Amino acid sequence: MDVIKKIKNFKIPLIYAWSLIGGLSLVMFSWISPVFADAAAKVPAFSAGNTAWVLASSALVLLMTPGLGFFYGGMVRRKNVLNTISLSFIAIATVSVIWILWGYSLAFGPDAFGGVIGSLKYIGLLAMHETQHSRYDGTIPSYVYVMFQLMFAVITVALISGSLVERIKFSSWLVFTIVWLTIVYAPVAQAVWGLGGLFQKMGALDFAGGTVVHIDAGVAGLAGAIVLGKRKGYMKENIVQPSQLGYTILGGALLWFGWFGFNAGSALEANPLATSAFLVTNTATAAAAIGWMIAEWIRSGKPTTLGMVSGAVAGLVAITPASGFVNPVGSLIIGFVAGILCYSMVVLVKPKLGADDALDVFSVHGVGGIWGALATGLFADPLINSAGRGLFYGNPGQMWIQFLTIITVAAYSFIMSYIIFKVIDKVMGLRVDKESEAIGLDITQHDEAGYNF
Amino acid sequence: MDVIKKIKNFKIPLIYAWSLIGGLSLVMFSWISPVFADAAAKVPAFSAGNTAWVLASSALVLLMTPGLGFFYGGMVRRKNVLNTISLSFIAIATVSVIWILWGYSLAFGPDAFGGVIGSLKYIGLLAMHETQHSRYDGTIPSYVYVMFQLMFAVITVALISGSLVERIKFSSWLVFTIVWLTIVYAPVAQAVWGLGGLFQKMGALDFAGGTVVHIDAGVAGLAGAIVLGKRKGYMKENIVQPSQLGYTILGGALLWFGWFGFNAGSALEANPLATSAFLVTNTATAAAAIGWMIAEWIRSGKPTTLGMVSGAVAGLVAITPASGFVNPVGSLIIGFVAGILCYSMVVLVKPKLGADDALDVFSVHGVGGIWGALATGLFADPLINSAGRGLFYGNPGQMWIQFLTIITVAAYSFIMSYIIFKVIDKVMGLRVDKESEAIGLDITQHDEAGYNF
Amino acid sequence: MDVIKKIKNFKIPLIYAWSLIGGLSLVMFSWISPVFADAAAKVPAFSAGNTAWVLASSALVLLMTPGLGFFYGGMVRRKNVLNTISLSFIAIATVSVIWILWGYSLAFGPDAFGGVIGSLKYIGLLAMHETQHSRYDGTIPSYVYVMFQLMFAVITVALISGSLVERIKFSSWLVFTIVWLTIVYAPVAQAVWGLGGLFQKMGALDFAGGTVVHIDAGVAGLAGAIVLGKRKGYMKENIVQPSQLGYTILGGALLWFGWFGFNAGSALEANPLATSAFLVTNTATAAAAIGWMIAEWIRSGKPTTLGMVSGAVAGLVAITPASGFVNPVGSLIIGFVAGILCYSMVVLVKPKLGADDALDVFSVHGVGGIWGALATGLFADPLINSAGRGLFYGNPGQMWIQFLTIITVAAYSFIMSYIIFKVIDKVMGLRVDKESEAIGLDITQHDEAGYNF
Amino acid sequence: MKKIEAIIKPFKIDDVKEALNGIGIQGITVTEVKGFGRQKGHTELYRGAEYRVDFVPKAKMEIVASDDQVPDIVETIEKSAKTGNIGDGKIFISPVEEAVRIRTGEKGEAAV
Amino acid sequence: MKKIEAIIKPFKIDDVKEALNGIGIQGITVTEVKGFGRQKGHTELYRGAEYRVDFVPKAKMEIVASDDQVPDIVETIEKSAKTGNIGDGKIFISPVEEAVRIRTGEKGEAAV
Amino acid sequence: MKKIEAIIKPFKIDDVKEALNGIGIQGITVTEVKGFGRQKGHTELYRGAEYRVDFVPKAKMEIVASDDQVPDIVETIEKSAKTGNIGDGKIFISPVEEAVRIRTGEKGEAAV
């Protein structure tokens, strides 16, 4: 008993583990470094235009994660506002470090096993040179591709926090981000996007992350909400008192802004495909904001600002996998349906779900991502991207591939995430105690207050 | 009577209208689509550098509109903060959809009639291909020009809301955005910027939208303020209690940031002209912030933060039409004068105006835009841009062209906007009822509260 | 006595001085302008990709200064929030104007004297043409280099305000920004970065501003804190009541985002070096956030959100000089150490410092900058940038150069800043009176309130 | 001495203050409060879910005055705070035994 | 008439309000207050420095009622506000001499 | 029992609390209030227009105590809250008939 208590006392082991991992890795890397270092080679032509665009896109996607923090933070009660934002913020830090140490290599390194996991070739990026061309686009340096993809990994992890807010222990969240990135995100990314990836070879279409990012995270959030249990008072008391919806609108705006990097940057070049992805991203987002607004207006009698912003996010999610494949008209439909669909999920299905997916990660990202991935199979227009032809353009088979990818990724993420959450719960406890939850996580987890007015 | 009441009951007709417009357009487009689709053609060389810059600029300009929402939202009373921000936010959505459906085609399609309106050739963008070169700059794809210009249309519409806040019905605002975009913005854009546009052929100089954006919107705001009437207590009680000026500074900062895309992006290439536009934009903005600050300091005894930010916005407005034509010294003068001029308008002229232009859209954007457009005629330096030579460089005739453009655009926008507001008022009511105004628009229009502290 | 009082009455002289400086300069420039104007010459090839990247980077760096304003503003008491943000905001304006008038010429014009000050050749930018290639990178126009460097000057000045908040007179701050830019920033920039600069010739490595920006500002802040004296109640009462840490996180996020422009933009091209700088910037920042968090967790028992954000900023600071020289592993170490070091400074050294460096400018920027500059001398990897080889790569001599640069810049900045603060204090008074300090600077300096809830 | 406590609609604060100034009252203390009463609250929406917010924002004005000023004050508040709609609020009067002005140490009616 | 003033834990507001409604009380005025008492405050961190925050957020509920309702009200508040932990708060009862409903001018117990 | 109500300058809260602790007072309830009085407010600027803000932020401290503690408490507050400048505030004393500690049900002076 006492031993378990000591293990549950998270702080010390966590800190030591971190220091150890960090320290050892660094020492090891410093040793190996010179071995690899000499291999730097010839410098073929890079495109400054493409590099500029992917650099800018990487910065844009970075901004999405704090944006997400504010999007989430504005919706929670004032006693949890800092904690909620910090779950996103710290994910930038942990994922960034792990990505360099081993994340990138597992996710995008040369396939090591059955198209579902990368090799350790790029561990610590020791074997990657500044002037190395990306395997994923020869006109840009490999480093910028590493960064661009890092930003995707960061936000995917951060997205999950929306299901867990107002009750998850900060230390457990830290551990979760590292484990989940390694065990869930990396294999899914390799399978869907990696050269030689399982679904990539099958021809699955996911331009900017419908499955890899949104289904992956949405389903993991649901698993987390189940393991964590409901917040005290959920569906009984009024625990919904968004402390400052201005934060949520700000976050939504930063997400919209950054998402242009997410989707149009995924072309990896400043080419017509990028401009098309940009255009359909904006169009779908706008249509979804309107879709959600209209649906809510009809059902509840008023259009809420939270609804408009939530609709926009639903549209961004849904267009993500489709953004490099569909034409403007397709994007209008995808977005409009996404707005109505995600709203319906939130108001009709969620209350029956039995889980307290606090900020609707599953309803918006999970379901929005599924709709987007399917819609890609429907609307992919070969005139936009010769790599994709959907059902409406004569290729019904694509739907089957999309369906298979969705199901597999969703099942994998759900099961693995569930196990990870359960294990963390056993080892160090996943949830704060009741009193801390009542007092609020800002004070109890961080000794801070969100507002001193 | 009863019939009118029913018509005034905005919700139902609005929603149906929207669904109908949306639905029909989509169905129609889906039919026509294949007809056009085959016409995709050869792919000449695009410039990745230019495309990257216009993509980045489009994203920057998108961010300006939520920025504007926060700029405005921080100045209103706490009971109206969400509503005020959402007027800008929802304009992104409605304008984005309409722009794709018919807005772009009317504004920038091949001229259809007398240089004042584009044809329907690009309706739904069905006849535009991903690899099509923009008619406005051959080095970038047409899609990115569509997006770049869309962002201008969005913010122009959103600007108007500043005159109407704290009392306009949300539903009426929605209808207004669609109608105004179609009837006012599109023809003005075509006339000033369209190939073959009326003023364009005359040689009117408006690099990034002094007339098309700022005069257009500033004058429309004034018309709206007149039709709407004054807020309860205007000039009698203290109805000025900016709930959180931090929002306003944040908004001002996002505007300044995004405006680099607005002005320097208007070069449509990452060329020396773009860098010059960037430089003069920043210089004029800084000079205007100082100008306003000094003027206020002298008159009221203190330099306010709202004054500094307002001055910066005035400078951004004034340099907009001039940004691709004037040299650094010119921009210093333009900005400094703009700061003092707009401040003077607000404190000296506005109180006598008789209209409650709540957040000074006319004083800052209308007057600032007029000054900027005239200043372009004065300071345009042919060494900066051979396309423009102003009075001080030996071409007095330019002033006449500028003057004519200003007068015509202002008159057209004022009259048409006035009519649009009047018609909406008759059909569905423009203003919330007295009690709603007293309670606040956040609760009465959206069932939400800006802060739950 | 009376005369002194009158001189101390800042408002009038300040305003006149400004108007005079502005007015005279403009008039003079307008006269000289034609003389230079004809000299515009041939237009060789620019790189659109590089230009796009440096334009985007300039915009990113601009956003850092309001970001800094919010970072700082969130930490102060509610009665000082607007004033604190405005110290940064107005610095954008004053520095922008001075930069065009004479700042750029002194800092980056052809060396005029001993490698420590530029000539007046580019005063008013009159002698610089739109199509002129930058002396610092031939592939981009000179104007964009002027702008990029301007943004550095702006934020350097703004950084200093963090030491002075909650008690400095707004008018004195204005004067300080102008004088310090001219006397301290310009020579340091010329010496370290200017072609022919003293330390530049010596081989000092400072990729993006460890010495020029952070040490320079951190030490100036300390000098200011000493001259100003401590805030009432410092270390006696609880004067720490951060009004809205959300602002601080937002500011931190904007800084992180903008810093990609700062560091990766400093490559002046969208080339592999830029991507490397981007990558190490992000990695060091993440590692530093974790470093600070762990250190605080161990010492105080809780990880604070302010700590995470502060750690990130410390990492950004430390990697700045190193960003174009070190490899990913080096950046991990630099960042992690920076987080722990700056935290230790704040908790261990600062309380004994005897000065009230209110928001820890010296501890974070001064010390972080020193560590970064030294670390550059340790970790500079010639495979990343052939221009730099550090101690660990066989060049111990580099450490000596780094050390010399640090010491000289720190000493120069401290002494000159101290003198400037002292003189301003004598002439017009540096600090608000006691009652104003108690009431708060928002009301007493600006007649405004940060929140009206 | 008595304490007059008035719970009124917040937007009436200025009117009541002016009216009280008109009859020579210079000291007032105002508190933001929330009232539950006959006046109903409102509904808030959060992603399609409706939440009742029962409280209504009100302002509490407190005036301590000598006994003979009480009728005047009550009448003045009644008049200036009245809109005739539900939720106009209440006035409560209770005894105060002593008053002290901190600055001068004055006691009793001289202090208010 | 009496005024019953209860200082309670903020998250008990809804429970107490419901319980009071249950015994027919319709008028309540609530104020956010901060309490210093036996219940300790908490520590806040700011860049490694610790600050004690002594106050605890509390809610003050005020009900003016006729004398005979007082025992019922007190009992109801006691029951519904109790958690058994330190910091549950206090109830204070004080005399009120008159009440006026602003809307109607009603006086006395009819007004509350 | 009496209730001592002190309207003081907000930055004096800590001093007064310390001083009261010094004489053995442990229970205090503090409310943020706005005061209109002899102390003038300030002006705010909004785009060149001036607005008078008449209210001054004040803090109200309430202490319920037994009759014999009253003189001590009043003296302590007077001393610790005094700056000598206008706006230092007032102390009001009014009767309290009963007090209840919710947690234990204790009544009367034992409860405070």
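Here the chain labels run A, B, C, D, E and F in written order, and each chain numbers its own residues starting at 1.
Here is the rule we go by: contacts are C-beta pairs under 8 Å (C-beta built on N, C-alpha and C of every residue); 3 or more make two chains touch, one makes a residue touch a chain.
Bear in mind that the values here come from a model prediction, so they are computed numbers and not experimental data.
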Distance in touch steps, counted as few as possible, from subunit A out to subunit C: 1
Intersection of the contact lists for subunit B and subunit F: C, D
Reference interface B-F: repeating pair among A-E, A-D or C-F with over half of contacts shared: A-D
Separation of subunit A from subunit B, taking each centre as the mean of its C-alpha atoms, in whole Å: 34
Inter-chain centre distance, subunit D versus subunit F - centres from mean C-alpha coordinates, in Å: 18
Separation of mean Cα positions, subunit D and subunit C [Å, integer]: 51
Per-residue overlap in subunit F, given as positions that touch at least 2 other chains: 31, 45-46, 50, 94-95
Subunit A, residues touching no fewer than two other chains: 47-50, 52-53, 56, 238, 242, 244, 250, 300, 302, 304, 306, 446-449, 451, 453
Touching chain combinations (by label order): A-B, A-C, A-D, A-E, B-C, B-D, B-F, C-E, C-F, D-E, D-F, E-F
Sites on subunit B touched by subunit A in the complex: 11, 15, 18-19, 22, 26, 29-30, 33, 37, 40, 43, 46-53, 55-56, 58-59, 62-63, 66-67, 69-70, 73, 81-83, 85-86, 89-90, 92-97, 100, 124-126, 129-131, 140-141, 143-144, 146-147, 150, 170, 244, 247, 250, 445-453
Interface residues, subunit A side, partner subunit B - complex: 47-50, 52-53, 56, 60, 77-78, 241-246, 249-250, 252-253, 256-257, 260-261, 264, 269-276, 278-279, 282-283, 285-287, 289-290, 293-294, 297-298, 300-306, 308-309, 312, 327-329, 332-333, 336, 381, 383-384, 451, 453
Subunit F contact footprint on subunit C (complex, rising order): 237-238, 438, 443, 446-449
Residue numbers on subunit F that touch subunit C, as the complex places them: 11, 14, 42-46, 50, 53
Subunit E to subunit C touching residues, read off their complex: 45-52
